[in-house]
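Working notes for the structure below.
Here the chain labels run A, B, C and D in written order, and each chain numbers its own residues starting at 1.
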């Protein structure tokens, strides 16, 4: 059976071999039990739990193009524009449910990009990467894996190509070739959900040249390989999760979280059947570009978080007793307008998606870049408007425990109350949610990740420039201006 | 045969009965021969000429849902999301070709809105409006008519409803009922392309109440009805078209134009078979809203004009010799980004369109409003960036005739030259195009019409507020913040 | 001698009577020793330390208008437009030095507003508030006090005036009158630097009416009055200050901090000589408006923080090795442009300041509101651009202690290095600074406080509307349009 | 007596020798009688008429620093920061009165820049340019001249310096040296008010190098020199001024206008006493930069036009009957906010002005560039908001003459009326004013000239980058981040 429950997913993480996970100077005994990591697991687990829920099953599951079995949509090869649209529907839904990053998109996007790239390599070079990858993906579907799509290298000196770096490890590369596989070394930075994954799908991070052949490698390794070390990334307000782990933990603002880590590969062996590119540097561009296309579409998830932000703004207005003020209503309309503009862009790049030679569907790349470019701007403005509507209390609220201290509890009840639509404590909870969305752990995902995930804004601008067909537009202008010359 | 050629269209306008058209204080003898009007006819004629052109035939024509004949897409009842998408494709194409308003969209949008509304009225009241309208539309398709969808009334005191106005004429209304039809009176303002039309399809302008029954009227009349008077709207730089009507007319910036007029109905008789709503005030809202939805989608045409603006910017940079400056390149990327964001919104509202009870397809209304709201902003910023890139010469260039005067021609050749990519005169032509797009006749369409056409920005904001499902979003926020209360 | 050193200031805080300060559920034994509070004291102490420093003495000190002695500028009654300008110069300087809120402005602004208001009350009612206040201020100058200007009440139901509230305590009010003074009760919210103060200067929070007389009270009480309770406000990432209090504490991003607290007055006695308004409700508007004017000017401090943000962006570009990219340079120019635009507004409202009847100078109120309104927008955009330039590492960096663990330190050295301009650890430090400025404790001051301090954006818009002289502008338009009518 | 009346100014223009002025292919007989030019003279004449008016005399006149006589402020050498402030006060006033460009600022700014530059040249080279210039300026003050500050050359190939151009005439240069003077040749483009001037003050357009010596020339020539040709620049809607020159001319929107022309110098002799720089290429940068500084400050005039735009918006709201709508009020506040932000920047750069070695005062250059940079953005947004509030009628109104035709007049009265606050004709006049401000002749000044006058936006960004003291800011960031390294 190809679908895990949320509970089975949590259990499956515990069944992995011991993993070397460092957090803030310490090697963790059981990462899955750490309150900070637990919050991030809560988000990933939603991708399983909602698939169990009859209300969301259709959104979350589909029929495998490889096996015909019912699978989680996160493992799916998109078979149509409608499939691409259903992908973003699922992502918006999850954003609405957890208000942060649920970490499973990167793997889905890596699946689709590797699928189409491996096909094209095989066409040119007669290799069998595509078959290998299909087998791998069948297993991923069957076992309902979370797979970390690992792309971003450390990069060292940005002015030098991989093969020119003084220390080659700043790009993941092959250090040894054996009969039955290769050994890789290096690190992947900013790895979303890495420690909550079953597998890691390694991909090259940039378009490469012939000299860079040893760096042009795509392959899969288990997340619990003993030669892998994880160093956990800190997030704003992360330790609030540790303040009252078994209680309500209200200062945390939410029980959900994201996760970023550095993955260090210290001579990890990869068996041949898990290698999907080995030296075909001329296809690194295709893999990177198509992954970027898929992943820029994926930022549709932020419209789900935006829905939460808009809802929080509307509630804050009510709890503060000013929901009828025209400027408040106008700001909520503006938030909605910005959020739906992002959504429209992701819808458009989905429906204009086209079939690849390998058979799956790829988004319209220009529109996917337009989508992501807006995502580098609008969530910041939505968050600003949310802070405007919420009021300064989001940064001056006392600690949750002051509600438990009898010496202060009554004062808080008296002085933190707003309108009669909410108790002081409910208002407090809402302010903590808004703090979390705009300054805390969720802000990491909603703001900074919106800026830099799937490529920084300038990366999209370069693609927009490339795909903008300026020559055709110049002809249009010349025709109307009646200019005959060159 | 259902398709006219461009030539036949021009001839068909001449075959109309004499029309009372006033322009700047004068009654025009033959409106179709006036240079200002000719320019606007050039734009409409493109909708026929491109339909003749094998390269564009597929974009411009389709198969009638009523008769199965090949018809111009402007007469079409949209049969699918793909049809809605093809509609905006056609509009972008025409914007690219003429860089201004081609005036035929209003009729198309009125067709689809009246079709679905008349069906619903009949369902409730057992009337036969829908059949009447289908017959009318068959004729429109067959004769390949340009139809002016006439909605906006004069409105008088904005605080009063139609039936409360001191002078009822400020809303078009029925003044007399005869056995075979009714007589209407009033005026429609801001009528795009009215004088270039064969027919006028009158619609109510707002949602009405029971007292307003005599104002709740939808019907069709021939544009050349003798009881109709047209008063031509002036546009920025309109008379430049009259300066050199038989020459190159370079100061005009383009041979294409738009057209706005006031239509005054002084007791115009409408036969029963051309009445599609008569008193069913409870359906005025549906007609207005669905027309607004279609017409807000139609502003996709501005992305075609935007393509011309982007092309003009790129050319200007070349002609000025600064196309490699990074800030220039970045501004062109920004223009492209904004233009494609608008496009993405119109694509999205098309593909999310749904089948109406009457059988044609209606756009997604929320996304159509999002689309139009962006159109009230982005063209202004694109125009600003275009002026930035073009340089001050767009407003300091001498007259075209100074190129013909031997005493000044040489000076202009010498001092107006930019890079070696263009002659002084080509650079002059380009500057005139840009002046036209940002300050002249085309700016009327690209800017002010983008602001107010299909409803002013606030109209969209009200719809966004209504369609934004705030209650659902508040629940999302409460779930994450763990707020249990109401 | 009227100037304390930084050391003396710190000592003076310890000499206060025991204060009831609750933080996150606990009553603190010695607030001045708590790492979170210490950071906030570091910022206030700068206002003393720089006054000692010959390089900054001129900026930080001036000659008292009351006594002719050299005093700290924070205690000064502004005597000229130049004085108003020097005030913002000092504030920008301090922003540059600590990158956060130094908490002493509110008192300075309260001094100047109370000075001019008490004078006007006396003129009308023959009271002696002004003399009382001058004596109080002489003492404040002499003792070089930090005074918390306490204005914002809890407000309860925003739709009711103070005297209409079910619980009168939601506005500070007089509960008892004695021969030698009055007793007050209530709370002040969002009190910046309250616990680092020597005194509290209580002011009414809104313009009041006759029924509200008992709420129209301005007075001073010592910060260590035993009937006062403080409840400490939490800030994003506050507890990072507690992780390594005696070490480098690098995860904190900065050794400086701000401070917000709720002050609860439970029947605090105020002797007559410390009462500066008692029932003169008709002057509450003047006090609130003039305080708001001064305090909106004070947001010039954010340009100092902006300087740090711009410097951090420039460094990040260098450390990442991309300081020559044209888009990076352009973004830094934009940050500078926005920052200097805010600065220009605060300069302008200073130089257009005018002498009050009481003799001190008040800023131009329209321009002060323009200034603050920009402050509610531009820091958010500067922070967004800073995150853009810095890169995603600001939210994925491991903890500082991972640098101390030998198992991970080497990996970090290897993989976190950027260009040769900085070590991995320096780059780490910079990223923590940027995290702090955009998401952490400093973001509370740089963003949310910029939004809501000295009045939320809508408060400024109302003032802009009132002060905008629309009637004059309508006349200008009519004159040019040649409209003679009303 | 040093002050001309408006009437005397108009007469003085007629007294000039015959001038070679070409407009749209024709040599004009008497330029001062052409309706288009007359409108531009109306604007310049205001600078004399308001100086006669007791209400404005203080704003418009001052005491000469050279002679102690009362002079028009446009001829003044600024003697203090307060003088710099009074300069912008005068400019805002004039913008309010004519709503367009009054053309006399360039000369004033050229005076001050040439004054300080000639002083510095003399200090280095022992020349006597400064004395010459003082004598010239005394005459200008005494005769109350309008002087055209002529800077912008044709520039030819932007990639080559003046001495490298194939045709040297694309930069004004010396072609012959005589005992008593020099002969110059070339052209100046975009010359504001050239034909309404008494004199032309020629300045180099860029910073030059040694090879460019023959191009490094500053000098004065009479505007009516027979070897000068003017080619008049067309503006949007210019010919509307010719439609009803002796009537109300309502379609023109305003009786005021701006003026741009190309000035061609065909071997014009300049006597030695009118030469203020001849070959001192190392001072071209100072002249250009200081002129740019003064002239960027001068864009304060646009805040006066902005006042008219805001007034027009408020009137339009009233005439349309929607002045109480909250979104309308909010947009007017936003327009005011943007307008006052520009104003604050010009106030700030004035008060932070400093004394030059020559003795006059120069604005703060960083803040003057900040000011102008905002002017390249905000008027466009103000104009957009004005169009939003005004409604689509600004581009669909019939011609003014339709009000005179009895067949249409009554219809217009009936259907163009809005609220009872204005007649149809007053509403029409207002719409024409708004059309003029946003698309017509006034838009040339309010928009495009705001973009490109005194240097295009990128020119300001380069200066902001140069003056931004980034090194200091990097140190601030390092101090707070505790980074010790380089």
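Criterion: a contact is a pair of C-beta atoms (placed from the backbone, for glycine too) under 8 Å apart; a residue touches a chain by one contact, two chains touch by 3 or more.
These numbers were taken from a predicted model, which means no experiment stands behind them.
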Message: Validating interface symmetry: for the copies chain C and chain D, is the fraction of residue numbers used by both over half? Same or different.
response: same
Message: If I average the CA coordinates per chain, which chain comes out farthest from chain D?
response: A
- line: So, in whole Å, the Cα centroid of chain A is separated from that of chain D by 52
Cα-centroid distance, chain C relative to chain D, in whole angstrom: 41
Statement: In whole angstrom, the CA-centroid distance of chain B from chain D equals 38
- prompt: Counting only residues that touch at least 2 other chains, which ones in chain A make the list?
  reply: 327, 330, 461
- prompt: Are the chains arranged, by touching, as a line, ring, star, complete graph, or other?
  reply: complete
- request: Quick one: which bits of chain B touch chain A in the complex? Just the residue numbers, please.
  value: 81, 85, 96-99, 248, 250, 253-256, 307-312, 314-315, 329-330, 332-333, 336-337, 340-341, 343-345, 347-349, 351-352, 366-367, 370-371, 373-374, 421-423, 426, 429-430, 432-433, 461, 464-465, 468, 470, 472-483, 485-486
Sites on chain D touched by chain B in the complex: 22-27, 154, 156-159, 167, 169-170, 187, 189-190, 229, 231-237, 239-240, 243, 251, 260-262, 264, 320-322, 325, 327, 376-377, 380-381, 384, 387-388, 391-402, 404-405, 407-408, 411-412, 414-420, 435, 438-440, 443-444, 447-449, 451-453, 456-458, 461
Field: Residue ranges of chain D in contact with chain A within the complex
entry: 326-327, 330
